[in-house]
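Okay, handing you the structure first.
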Amino acid sequence: MSKNILSDISRDFIYKLIEKGQRLDGRAKTEFRKVEVETGYIGTAEGSASVRLGNTRAVVGIKSILGEPYADTPDTGVLTTNVELIPLASENFESGPPGRDAIEIARVVDRGIREGKAIDLEKLCVTPGEEVWINFIDIHALDYDGNLFDCANIGVNAALKSAMVPASQHDKGEDYPFPVKHYPISATFVKISGHMVADPTYDEESVASSRLTIATVENGNLCAMQKGLGGSFTRQEVDQAMEIAIEWGKKVRSEVLNIG
Amino acid sequence: MGGAKTDIKLIDENGLRFDGRKPDELRPIRIEANVLKRADGSAYLEWGGNKVIAAVYGPRECHPRHMQDPLRAVVQAKYNMASFSVSDRKRPGPDRRSQEISKIISEAFEHVIFTHLFPRTSIDVYMEVLQADAGTRCAALTAASVALADAGIPMRDLVSSCAAGKVQDTIVLDLRKEEDNFGEADMPLGIVPRTGEIVLLQMDGDLTLEEFNKTMSLATEACHKIYELQKDALRRKYGVTDDEDVQESVDAVAESVPDRQEEAEEAFEDEQEES
Amino acid sequence: MSKNILSDISRDFIYKLIEKGQRLDGRAKTEFRKVEVETGYIGTAEGSASVRLGNTRAVVGIKSILGEPYADTPDTGVLTTNVELIPLASENFESGPPGRDAIEIARVVDRGIREGKAIDLEKLCVTPGEEVWINFIDIHALDYDGNLFDCANIGVNAALKSAMVPASQHDKGEDYPFPVKHYPISATFVKISGHMVADPTYDEESVASSRLTIATVENGNLCAMQKGLGGSFTRQEVDQAMEIAIEWGKKVRSEVLNIG
Amino acid sequence: MGGAKTDIKLIDENGLRFDGRKPDELRPIRIEANVLKRADGSAYLEWGGNKVIAAVYGPRECHPRHMQDPLRAVVQAKYNMASFSVSDRKRPGPDRRSQEISKIISEAFEHVIFTHLFPRTSIDVYMEVLQADAGTRCAALTAASVALADAGIPMRDLVSSCAAGKVQDTIVLDLRKEEDNFGEADMPLGIVPRTGEIVLLQMDGDLTLEEFNKTMSLATEACHKIYELQKDALRRKYGVTDDEDVQESVDAVAESVPDRQEEAEEAFEDEQEES
Amino acid sequence: MSKNILSDISRDFIYKLIEKGQRLDGRAKTEFRKVEVETGYIGTAEGSASVRLGNTRAVVGIKSILGEPYADTPDTGVLTTNVELIPLASENFESGPPGRDAIEIARVVDRGIREGKAIDLEKLCVTPGEEVWINFIDIHALDYDGNLFDCANIGVNAALKSAMVPASQHDKGEDYPFPVKHYPISATFVKISGHMVADPTYDEESVASSRLTIATVENGNLCAMQKGLGGSFTRQEVDQAMEIAIEWGKKVRSEVLNIG
Amino acid sequence: MGGAKTDIKLIDENGLRFDGRKPDELRPIRIEANVLKRADGSAYLEWGGNKVIAAVYGPRECHPRHMQDPLRAVVQAKYNMASFSVSDRKRPGPDRRSQEISKIISEAFEHVIFTHLFPRTSIDVYMEVLQADAGTRCAALTAASVALADAGIPMRDLVSSCAAGKVQDTIVLDLRKEEDNFGEADMPLGIVPRTGEIVLLQMDGDLTLEEFNKTMSLATEACHKIYELQKDALRRKYGVTDDEDVQESVDAVAESVPDRQEEAEEAFEDEQEES
């Protein structure tokens, strides 16, 4: 986030540690924080999850309504991803419509889900050209300690996994599970003083020069990437990040989402 | 009140409500203090089907600047419903209802916070309704009160809140969604338990004077019960064991005020120099 | 209103008077100002009123259009109340969409009308589930000298009393009077230096610590209440206010609205 | 012009208009000065089916700040139509039309107000159309002019305004709504009566050069009549009996300018210290 | 534009020149700058033009979609004119929705086109009362050196002349040229130190006291006028401007638009 | 990627694309520097069916103020699509997509601009897409880079940009609209040509690791070609004849930096005094 302010002392300390390959919270450079997920957290939502990545915490809720499909995709449901960086979650978040930071996170999370073909959108069509399910994925940050990209990504995957299409409520037959085909998992890295670290905390983000998010699917293929912040990456760094991202994806799918 | 018609029998032949509660019975309530790392103070509350999280930041520099008060802190409470908290998805952002609730909750806290200790600053209270089942403003006020104490904001007392109302001619406590939709009156109340002062009061529906008195008494009693739950939550967090101790810890906060005030003043001066 | 600024001298003077049970304009503590109402003031509106409460002045206009009912109330008309605190009326009002003050007044006035069952909304239905009258009650403050809550409330009651549903203009049969069943009248009180006074002026509002509005209907029942501002009320004060509110309601209905 | 087709006979065989007026006849006009307590100056105007109220605040601190002019007062006129002022309810808030009208009215007043006397301040002119029947911008400008005089704002002269146009090939004065909708041209004019200077001029429709000249002359004459009505209104309010006296009272205002300027300067300095 | 800031020296120099009947760029007082137009500039638009008036440059694009007519004009197409003063074109333009300056230009250009009966709107009706062409005329300033009123006016005329109604794309028969009947041309004047000059540059606008725009059609009739800025005009000045405006209209139609 | 189905044969039996290009072939590109009078620097670019104009203002006072950085210039890039630039009219104003693109382009330039030379200022980069045919963010970044050089903004190097992706299982360079809509992957890349550093990278679709490597190499090569076209455009404008000279002229700009910095500082001081 753009307005992180860290004292010069903390900044220097993080720099010194990273030169020795160390991090403030004792993690290795390529290590992610602990993930905790609770699905079905919100009874009023079609699917939901409360998710923690270290001290970063978010709630994801999915709501589905009936509506018209887009003209160019008459037989597929609609997906909308929205991130709310509510001021409750950080002194740096402001009230008001989503700013650039929130929009970037929402679009990167959305891109992962969409391009990773997470959902079989054709199964969210009721009557082609007339009526489809419009699905809102809303991500609320609750406690911000860095890397909302990956925290939100896991939360959305978990919420989708537990979601039911509310068909019966609208006289459209029986409820059925969301048609999830894939679980695209993202991994985010930042560069601090020339060193690449995975899953940055708030303090680490505040001294990072560049950020890279990579989303992968089950077979190890890439489905989305995003470079951010005012620094750069070398080709080798991108390759290295990719390997870690694939491993992280496998781990989240098996240990957090309990798939396959 | 929704005023809509219904065939639902909200009060049965035994005088019990459709969820089995007695007229004067609260829904289950669970409060936890200090649930967030980033905020200066926080609380999580489950109250029947309501889930609310509250966070406090401040005293801190007041934004927007023109809101600054040279004599006291400004209390800026923001009540918000998550889009997925209700059965029909709510569009993100403040609607007129939530703006009104934010205003009256801000005003309720102005009465208990020692705002004069932190001139020119803002005390920001955020309440996020994650899941809603009627009575969310009382739940939000109750949770925010605990979050303020958790943040160490000096207060004369906590604020405790509960609603009562009328459903199929019976005065009942703590209405659920169906009772709110099809009932005849709802009256959210917020009080300062130690003095009984009323700091939040709304009513809509239809009540005779007599019914009003009964509703008021029911809600007031419940506020006192909720006060105990609020203190419990703080006690559990801070390891103090009885009322006296909570009082003491509140007093300790009050004593530390001069220090906090200095902090606030220094922060203010720094900011002046910067700008 | 939040930004009232009064010199310290005026403030002290008001305090001193109130200790003696007196007010700047000579009224008793529970006395309301004079009400003047002119209905049918706006020819382009379905119903309208120009209303003065002392020096506070507002214009109320009602416009009705045809539209769809809400899904959960298919056989009732729709009512929307809006308050515009236009900068013409006070140096403290700003241009722009309604702020918190305007929203609170609008919602409290609306609550009185709605909960007091002022209008038989079923008589504003044309075809159940398809077409109903959507009614906009717009309140424009013109001159602000305190207590717009009660000024607006009376104006809305008067405008409703004189309003005609514009059916013929839309080929929906003959015009007919608005189906008004009750006239819910509100009374507003503030506390100044521990004393409760009715119908505060601008200067009184600027030194008040708390505000209470109570709306009642013909049979003396309560239909709406709202406590405002950063102070408190005791239970006795609420009871006392209630009695005065009931009397004030009777007086307005008989002397201003000429009902019964 | 609406340009819509109609079967309405807007001009009859005797050359009279559908409301019985002659082509060069104004609708009835009534102006009252000083109708509001809160504003520094105000006026109410009924002009045929138009009802307009105008209020002036200032010179006062200029908001937003970046609009401040170190050399003169900024004139900020805001024209607004009440939602109920027209047959189809208008959504509250400024649309493009009202923003354009606000702009040209602000500019019209800039020419007559001694803005250099009140540097850094704003003179705010609010015009609220309560009921509309064509010609509202002329009505608003005329009312606001009286409100400015009522507020004691030093001006070279009042601004007077009236429209003329073409209806079924006849040049007519002061169009009503039906004439505006189905006519061929409309030309709102605002002048400084003492000098004849044109400070507001718009035209839309279709006019030959000859027709334009006739329209212009008709509107100009009417502006002078309206000038008399404006002075009457001020005279009635301030108890002076003839033109000279109105002039004198205007001069008196002008003399008091140094005092007001001092006030303004003091206000500005106070504000500087505060911020 | 309101925020033009010019050094006192430049200002004085312009004043001195104008007293001698001269202008900074050597033009006579009633002389317009050179016009260059390229039509069909934007392939994605129904009609378009890139237009230069001296160093002032704009792009005009017309897009047409199918939609419902207004209730009071069921058999005519709809026209919407929008001006974007994007910050790319001048240091004085700001991001955001159109401000008063942009709105005034858009409305004056629109008034010329509309009142000059430039387009036979009935030929833009598909099914009366049901379906008509909704036409968006968007004007983007690219380089701002004064008098966008006339620059935009010429651009819109040129874009209309080259535009095709995209009927075939929507299965509404064959494409056909926009039904242009007239070419209303505007001429803009400002007063500097009491002297009236035509087609002002950015520097001239910044010292001007008043502005007058006059639009005329082929037969020399007036179709629109607009006085702007905080100064005044005399009746004689208006008459003089009118003559020049008529001549300029003829010249633009024959030399720039190649009509007749 | 659109992911929509199509019957269009995007790659023919000879391995050529539907517009006749080879998989690794760029569309025609034309760049012109210094095309606007008002802006401090500008460039016009045609790239296949894309038409983009870029303008640079600054270093200048930073608005809004709270964006100011006391240690460096803020780079504020704004990417915008004209309403008529696409087949379905786009509503004017920034949508979420253009806000994201503006953000990543701003960040890409932060890496090459010597921002520390102009503390507290803003360098504003505006990119207007007049006609769009896929790849507009790469086109905008490429044009803006030339505009920055034209404005004399000191930079370590230009930024060059191009996309590559996958269409019907073939890795192809520089996708057109149809290829973007019906293809399987798109990866826009922006690099600093002299060092190969990656400053902009996005990807969406489906790529194996091997395909990713191929795509990356293809896009990187193309960036170097585009770098030559950018330098050509600057060369043509400034009359220098070879690479060395362009380098020299860049160096000359760098040498003049102290002067510009003084200017910036003076501007800042003036502004401080004024406010």
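Residue numbering begins at 1 within each chain, and the chains themselves are lettered A, B, C, D, E and F in the order written.
Following the convention adopted for this analysis, a residue touches a chain if its C-beta (ideal position, glycine included) is under 8 Å from a C-beta of that chain, and two chains touch if they have at least 3 such contacts.
Just so we're clear, the structure is a prediction, and the values are computed from it rather than from any experiment.
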| item | value |
| --- | --- |
| Set of chains adjacent to chain D and to chain E | none |
| Both-way neighbours, i.e. chains that touch chain D and touch chain C | none |
| Inter-centroid spacing, chain C versus chain A (mean Cα positions, whole Å) | 48 |
| Gap in Å, rounded to a whole number, between the CA centres of chain C and chain B | 27 |
| Between chain E and chain F, centroid-to-centroid distance (C-alpha), Å | 32 |
| Shared-contact residues (touching 2 or more other chains) in chain F | none |
| Two or more partner chains touched - positions in chain E | none |
| Chain contact topology (line, ring, star, complete or other) | ring |
| Chains listed in ring sequence, where chain C comes first and chain D follows it | C, D, E, F, A, B |
| Chain F-facing residues of chain A, complex | 72-73, 98, 100, 103-104, 106-107, 111, 114-115, 117, 212, 217, 220-235, 238, 242 |
| Footprint of chain E on chain F - complex, ascending | 36-39, 49, 51, 53-55, 57, 60, 78, 80, 82-89, 92-94, 124, 126-128, 130-132 |
| Residue numbers on chain A that touch chain B, as the complex places them | 41-45, 48, 55, 57, 59, 61-63, 65, 82, 84, 86-91, 95-97, 136, 138, 140, 142-145, 202 |
| Chain E contact footprint on chain D (complex, rising order) | 1, 4, 75, 96-97, 99-100, 102-104, 106-107, 110-111, 187, 192, 196-209, 212, 216, 220 |
